[in-house]
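Below, chain A partners chain B and then partners chain C, in two separate complexes.
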Partner chain A sequence: MPVGDVQIPVIGNDMVIPLLVVPHILIAAFVIGINLIGAFSELTGVITKKAHYDRFARASARFTLLLFAVGSALAFTFLLSLITLYPIFFSQLMNIFFWVFLAEAFMFVGEVIMVYAWYHSWDRMAYRKNLHVVFGLVGGLFGLTQMIFIDVVASYMLTPSTAQATNVGWTFFNPTYITLNLHRFVGNFSYAGFLIAGWAAWRYLRVTREEEREYYDWMGHWGIVWGFGFLLLQPFMGYGYMTEIKAASPGAFEYLMLGPKSWLFNLLTIEILVMAAGSVLYCLHKLNFAVKPMPRLRKATMGALGLTTLFGLLNTIPADGYLVPQIGLVFGERVDPNISLAARPPISLGAMYPWKYIGLIGIALVGVFALSLYLKAAATGFHWGRASRWSQYLLITTAVTVVFTMMTMGYARETARRAGNGKDDGWLIYSCLTLQEQKFVGKGCPEQPRETP
Partner chain B sequence: MVEMRRGPAPPVAEGEEVNEENVFDRYDEPQGFFPGQVIADLTVSAVLLAVVIALSYLVPAPLTEPMDISTTTYVPRPEWFFFFLDQWLIYFPGAALIAFGDVIVPALFVIVLLAIPWLDKEPEYSPARRPFVVVVAFLVVLVVVLNLFLAMSRIANFPGGTPSG
Partner chain C sequence: MGSWELALLPPLLRFFLTLFLILIITGGTVLLLYWIGWGEEE
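On to the complex of A and B.
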């Protein structure tokens, strides 16, 4: 039987890839994030001469090494499955992206060498910290470059460039390439930050020694600063990404935002609400333990928490949700150019424009305000090791939520290619290569027209 | 005329503190405009002029086809060094917001640039000792470069203009 005809029983071929890719992405994104956060932490330790930064950086290096092999094994198994189950698709990818895959492989080698050197020379280079920190930073940059290379493929699958396959540069430079990179770059930091905070909370609840409690309390704070700080950039990055998808693959955009999968965005708004409100609430709690009491800062943060919750709840209203139209309590009227001016239906409170725009921008701006206040208090210092148990449960909740958010977003991006090719089919490469039969169509492909071999 | 400075300022001595009071005694020692500054400016100007003349001879700008006033499909594009500004039109679409994106925001930015001497009074010269302004400056350059790339990507992928709606 030809390899391409293999049919996986029970779960089917389609499910094999996500079962391998989801854990791979969850690990790979964390490795990129924690490697860079660890390196920056070591650098901060060199500058501030505070020991906990160095301790955290060393633990990050160890975590990176432990997880790297697992993530790579999953990636390799995923690649093998892709070749076996989707040979035409993989052959097409290799034809266009050979140099990308080759370069990415070398990035793996570079990252392995640098991260091993970083971890194993920790004590040996204790007096040459300025050089040692470079190992971690370069290792992190190799990891980041891996992502930048594989994003060429990931973005191409949804918004393929119309350039000829021989025009290598422009084929890579497809409409969503840059925005996807920005979105994932910010996402990696946010994801790793929240997970660091969640792990710190887990450990904080279990340790008994005073200095350990202080360390894990600080680590929770360090994680939330990265996680929440980068989360606040995501609405803008996500908007840029969706704008490009809308322009390049409008069918996929409509399927995702207006069609059968629009519930994904509603789910995302709930996840953003949990992470944003959870982070501000944590900041509010930590302000109780500022070395220099800051009652005004705390009151301002309390206001920020209220606004974050309000904006977050505004986002969660379904698209067809009205306030109380029965008694005329509505906001604004939609002037639709396609219908007569006499018909001016009220704008639903769940409408994307303007309400969800206001909600997302509001969360970002209020979040920046709250985080600035928190960092101002952090600059004067906190009494570590006194955080309450519920504040740690809050951190664990944000960590669990960020994992679901990553999965929601990953599913959204991949399922968008289900659009526009019949009910039970989809695209491996949007508008170019079909999912089930792996057949090329004559539109949107780089070399057109083309026949399936 | 004041006395010209001889060579670079000496490094900060051990134990010496540089602050707003004494920084001008060391780094900003006044120097004569003529002939020192004039010679330096003239030298750089002459070199740049020579480079431009050489480039215009070696790589002359091509003459393209004459203007067609009857076309309705022409998509105006700025020069590449204004691509980043062109990208702002995407963020502020519609007639009402164009002025905000391409006039008000850049104008505010220029005003902030002019106000930097009053906003940043840090006496140190070393970038390592002025992290705030260095980080802000880096972010500004990053935003410009990223917008340049985004605009390039948009123009390459939608040569006939970005689909509306």
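On to the complex of A and C.
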């Protein structure tokens, strides 16, 4: 018997959780990313003695503080909803992961103390910069560790370990734990980087003073270097993550890759195309303002832009015309979700092997090439404050796209648990605890699940 | 309890309404903080 039987009208119980979690994660991931980027920026400022790094780091600390409270409040409201709407599920999570939640809570405490100390001691410790940088870095590490703890729960829900609840090690190290951490670690930097670039672009378009234009032009560059640089690692991290899901929860994998929710990954390829091609195009534009003109380097970047677009477009070709069955957007023959890698789907250019591999590896390698050229030019210097308006619109486009990418991928991970338990049901813990009735089925559960009587 | 179930929107509409609300909450938060921080050193 459930503890309570609360029914939320209009949007239903299922939708309350994403309504609170998605804004939370959009803010929390940004907080972790900007905290670390800000701390590294301050460190770079200490080393290079350039004032804009320090100005940016200070703004980062201020932003972290402003957003932290809202992010935490949403997390708390989410937990409240989870306890009320899914009491059996939450009780099971607490049985297994009490220490994780407790440790995570203390990470929040540590993070907030360090970030407050970091921000408020900026002027006071102006002559003890090396120590001051440590405050920011430790604050960022607390945030990162907090993510590492909650990933235990997040990965367990999709690929639960069958170890007993008391076997702490094996419940922690479930199949996707490591790969999810790597994927999110890289993602935080990339997400925050693109948002910094978008924010800088917005400010650049509005300010009038020359020194402000120079600063925000530089900030757009700084953001895109982090955003694009870390984005290039994501195809490999994401591939590793999906491989683990395929091995541990094959039903969820098929549901996402070739089943009813494959549109999420088709959408992802479009988002990757926009972010990658947008970043290379921005780099190409910035090369016009290199202090030392580099025509050959610019031509090579132009080639890189062509290849990035080509590889990106190759990725966007779907395997079949069965695009979004939920809204009836379906054409022609549907691909068999159990298809082997070597078999041909209805649209042969949409096959994973070899085309998607070529596209993903290609986009990453060409991106590394383009970014290296750009950084080489950046090392000799740019004339700041001269970037065109459209290059700033490009940065804003990548920032909007990265927000939707986060939402697409977050939704993908959670909706994967809709697979393998009938049409209208799903799993709260994959192959273990059902979504609608919160019943343990035993298969994927710990050996002795503690069912509520 | 029956009346609660009657008040539920169809799944697709619930999805899009939630998506809309997520964008409003997140966007609203950012805009509010932007407004609060307006005029200060950035």
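The rule is short, and it goes like this: the second predicted complex is superposed on the first by the 417 of 453 C-alpha atoms of A that agree within 3 Å, B and C clash if a C-alpha of one lies under 4 Å from a C-alpha of the other, contacts with A are read in each partner's own complex, and residues count from 1 in each chain.
We take it that a contact is a pair of C-beta atoms (placed from the backbone, for glycine too) under 8 Å apart; a residue touches a chain by one contact, two chains touch by 3 or more.
None of these values were measured; they are calculated from a predicted model.
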item	value
Which superposed partner A:Ala419 touches (first chain B, second chain C, both, neither)	neither
First, second, both or neither for A:Val22, with chain B first and chain C second	second
Comparing the two partners chain B and chain C, which touches a greater set of residues in chain A	C
First (chain B), second (chain C), both or neither touched by A:Met407	second
Chain B versus chain C as contact partner of A:Ala247, first or second or both or neither	first
Partner chain(s) touched by A:Ser161 [first = chain B, second = chain C, both, neither]	first
Which superposed partner A:Ile196 touches (first chain B, second chain C, both, neither)	neither
Partner chain in contact with A:Gly12 - chain B first, chain C second, else both or neither	second
Touching partner for A:Leu66 - first (chain B), second (chain C), both, neither	second
Which superposed partner A:Trp170 touches (first chain B, second chain C, both, neither)	first
Complex contacts: residues of chain A adjacent to chain C	5, 7, 9-12, 14-15, 18-19, 22-23, 26-27, 58-59, 62, 66-67, 70, 74, 203, 326-327, 403, 407
Complex contact set, residues of chain C against chain A	1, 4-5, 7-9, 12, 14-15, 17-19, 21-22, 25-26, 29, 33, 36-37, 40-42
Contact footprint of chain B on chain A as seen in their complex	161-163, 170, 173-175, 177-179, 182, 240, 243-244, 246-248, 250
Chain B - residues contacting chain A, complex	90, 146, 149-150, 152-154, 156-158, 162-163, 165
